[in-house]
Amino acid sequence: MQATHPSSAPGGRPRLAATSRRLGERAIIGTLALAAGISVLVTVGIVIALLVPSIEFFAEISPAEFFGTATWAPLFEPPAFGVIPLIVGTLSTTLWACLICLPLGLGTAIYLSEYARPRVRQTVKPILEVLAGIPTVVLGYFALTVLTPTLRTLGWEVEIFNAFSAGVIIGVLLLPTVASLSEDAMTAVPRSLREGSFGLGANRFQVSTRVVVPAAISGIIASFVLAVSRAIGETTIVLLAAGQLARTSFWPGDSVMTMTAFIAGTGSGDVPTGSIEYKTIFAVGLTLFVITLILNIISIRLVRRFREVYE
Amino acid sequence: MDPTPSTAADSTAMESSRDRTPLGALGVAERTQADATPVEERDVVFDCQQVGVRYSGTRALRDVDLKIHSNAVTALIGPSGCGKSTFLRCLNRMNDLIPGAAVDGQIFYHGEELYQPQVDAIEVRKRIGMVFQKPNPFPKSIYDNIAFGPRVLGMKKDLDERIEQTLRRAALWDEVKDRLKEGALGLSGGQQQRLCIARALAVEPDVILMDEPCSALDPISTSAIEDLMLSLTNDYTVVIVTHNMQQAARVADMTAFFSVDQGETGTRCGVLIEVDRTERIFTNPAHERTEAYVTGRFG
Amino acid sequence: MNAASRIAADHAGRAVNRQLAGRRNRSLAATIFLLYLLLSTAIGLIALAVLLVTILQDGLPYLDVMLFENAPSANPDRAGARPAIIASVLVAVVLLATALPIAIGTAVYLEEFAPRDSRIIRLIELNIQNLAAVPSIIFGILGLAFLVRGLDLGPVLLAGALILGLQMLPTVIIAAREALRAVPDTVRQGGMALGATRWQVVWREVLPAAIPGIATGSILGMSRAIGETAPLLMVGAATFVSFNPGLLTQYTVLPILIYQWIKLPQDAFQGLAAAAIIVLLVILVTMNGFAIWLRNRYERKW
């Protein structure tokens, strides 16, 4: 009997002070907290890696020249550092990507959320997951060896490397992302809202377009913004299919160089550390990082607002 | 091995006066001990003085003065939102786990104040077990469910024997002895709840707190658990929250009635109206709010 | 909620009014709309089908034992992918040993131990959400600046794998947190009420219950890292590595090898690229299939 709680003090009072300081557990929890800190270090590392060489870069090349002129030839003699062609190239591929993935992704999401029977949904969703999991190098291969030749066979004289093929395939890559995030937003819309409208005599089309989509709109826009951010940051597909020719052209059949293609192309070469060519990688990288950061924050905010409404 | 917990405060006289129900006996427990000493004269396990709770600054419960006596069932009853579950969770410091919850006043457990800085909530919970509204067995085998507590508290000696004794004590042994290694989630709701009670008994507590333990169960399972509660009072102090007045009348020696006070600004706050022997609460309460509630005229 | 339901009810009401006004018009619009939805869904599926068929057509003739036995070569008749396949496996091992424990540790800390109302914790969470959407090429820049040139590690396998690991962190953290969140709080309370410490409950009950979900998220994150190309271009995954790579040697992984083969002018290399794509896809589909099987097999309804 007395053996069961040996920590009971004589006199009947239980001893309730901690029997151990549990140092082992504290050490474990401290280690876990350190692990959580690593993700912050990654961001700090990215910012330092981008900022330091960029500051040196802008000490030599004025921001006015960088953002204000339209000739990009950092490796030529004399070099020119106008980033406009890269931004235009990026916007061009991103535009085609968005024209594919936003409407089709939304359409897929509405179909899966509002129209499809459960069995159809359970079949289609994993297939789209597979599509989202296809490595970008495979999609780049497809753009270069299948889509571009097909366009030429159809009589459209696009260049071998062109913004259109790359953009369309990026759109295909991002379609599942838009579909899945938008569908999440729509399924989170309470059933009662739909039932209320069906009760008023509305049909599925009206409920989808006038009830569900408006109610889920911030979640849908969040998925759009995220897709734009991903399209801007996509590298491998544009490297393989859009080419590396920096020119200010919005014509879809033209070869263009995106910001990412420049970074990867130059970064994989042998530019000497500390040279101005080396620093351009970071200046362009910083530009890319800031653009995507802004888009990501907008997307995160929109998702958060959406969750606050429905969860 | 003696499955009886040490309640250090128990007097030797009470020890000898105990009439133990044989292990594994299911059925109406004999309440010989209750006959021997009036409830109010038994040892005070919890002496609560001016206990209140706030959640993120909003007061949910105030000014509870209550004594809970050993080897008895004390029922906390009252309308929903009256703070009875909140109060129960003060007794083993489960409220510590809710962010923003703050307890004021004093709770003496065998004379030791539970909310002193040097008191460790883990030590408190070792002695004061809890059973929840919805049966919450761990998603593993029946054996491992019971073994969890002894394992984490370092009581690994004779584990098999301890598990058998505990299951017998919870009147579950005969039903599960051939499938100890099977998943606990395969048991019926009532069996799961008895498993949760057994799980709490396995660490040899002094007190068992039960938060509406039968609200998710059918009448037959409820009856089995009520019998179990009665038999447990031979060795343990039981505090139960229930919304079911008949249940309180069937099992409780003492009953505390909680209610809600509407503040001037529309805030609602739980208060203790009165505590007394169960038969008096249900037949001749001192307070008219209690009478209104037990006779079903509660507004 | 209120604003949203008001908007929705308002829309529904107007929709009904319009429906009463012009029934024929409405059904035409509804039909066109449904066609648009079906087309949208079909395009994704068709794209995937065409992609797979093309790759099989292009690649199967080149898929032979040589691909697994030989090293890359300038002669397409003798070129293989052995060093790249080995490197990809090594990368997976490094991810398993480095990024995975860090990601799971982060998830456990944030979900089980971190103070809920702390600003720092909220900042860490926002940071992870953002990192998940940072372009992969930016991680390549990080690796280039710190590992390859800063630490002067050079273009070695370990540097590439570590960068892929950092890139994988947010995906796995987010998946693992979801898996932990799916374990109901009653399990934690049940354990704590027995006098167990928070860590004991997490280690003995919560983590085991969350393992299938964590494993699924981890495998999906790893498969994405193994298929990644862009950041490795920045940390100098070399083109033609004819020897079996080690952690601190030069290397090329499957996606990079495919990338290089695609860029070569000879048609035979396009075929080899397609064959290597088949190998890569088989690896990834196996991993993902296993992850999905795991999810379905052990998914628990609480």
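By written order: A, B and C. Residues from 1 in each chain.
Simple rule for what comes next: a residue touches a chain if its C-beta (ideal position, glycine included) is under 8 Å from a C-beta of that chain, and two chains touch if they have at least 3 such contacts.
Every value quoted in this text rests on a predicted model; they were computed, and no experiment measured them.
> Which chains are in contact with both subunit A and subunit C?
Chains that touch both subunit A and subunit C, as defined above, are B.
> Out of A-B and B-C, which chain pair has the most contact pairs?
By the number of C-beta pairs in contact, the winner is B-C.
> State, to the nearest whole Å, the distance from the C-alpha centre of subunit A to the C-alpha centre of subunit C.
Those two chain centres are 12 Å apart.
> Whole-Å distance, subunit A centre to subunit B centre, using C-alpha means?
52
> Between subunit B and subunit C, what is the gap in Å from one C-alpha centre to the other?
48
> If I count partner chains per residue in subunit B, which residues reach a count of at least 2?
In subunit B, residues 122-123, 127 touch at least two other chains, as defined above.
> Please list all residues of subunit A that touch 2 or more other chains.
Residue numbers touching two or more other chains: none in subunit A.
> Could you list which residues of subunit C touch at least two other chains?
197
> Can you name the residues of subunit A that touch subunit C in the complex?
22, 25, 28-29, 31-33, 35-40, 42-43, 45-46, 49-50, 53, 103-108, 110-112, 115-116, 124, 126-131, 133-142, 144-146, 172, 175-176, 179, 190, 193, 196-197, 200-211, 214-215, 226, 229-230, 232-236, 239-240, 260, 263-264, 267-268, 273, 281-282, 285, 288-289, 292-293, 295-297, 299-300, 309-310
> Spell out the part of subunit C that touches subunit A in their complex, as residue ranges.
So the residues of subunit C in touch with subunit A come to 1, 3-5, 7-9, 11-16, 19, 26, 29-30, 33-34, 36-41, 43-45, 47-48, 50-51, 54-55, 58, 101-103, 105-106, 108-110, 113-114, 123-124, 126-131, 133-142, 144-146, 149, 166, 169-170, 173, 197, 199, 220, 223-224, 227-230, 233-234, 236, 255, 258-259, 262-263, 270, 273-274, 277, 280-281, 284-285, 288, 292.
> Across the complex, what residues on subunit B touch subunit A?
2, 4-6, 8-9, 109-112, 114, 118-120, 122-124, 127, 204, 206
> Spell out the residues on subunit C that touch subunit B in their complex, using ranges where they run on.
Spelled out, the residues of subunit C in touch with subunit B are 115-117, 184, 186-197, 200, 204-205, 208-209, 300.
> Within their complex, state which residues of subunit B touch subunit C.
Against subunit C, subunit B makes touches at 92, 94, 97, 99-100, 122-123, 125-127, 129-130, 132, 134, 136-140, 148-149, 151-153, 196, 199-200, 203.
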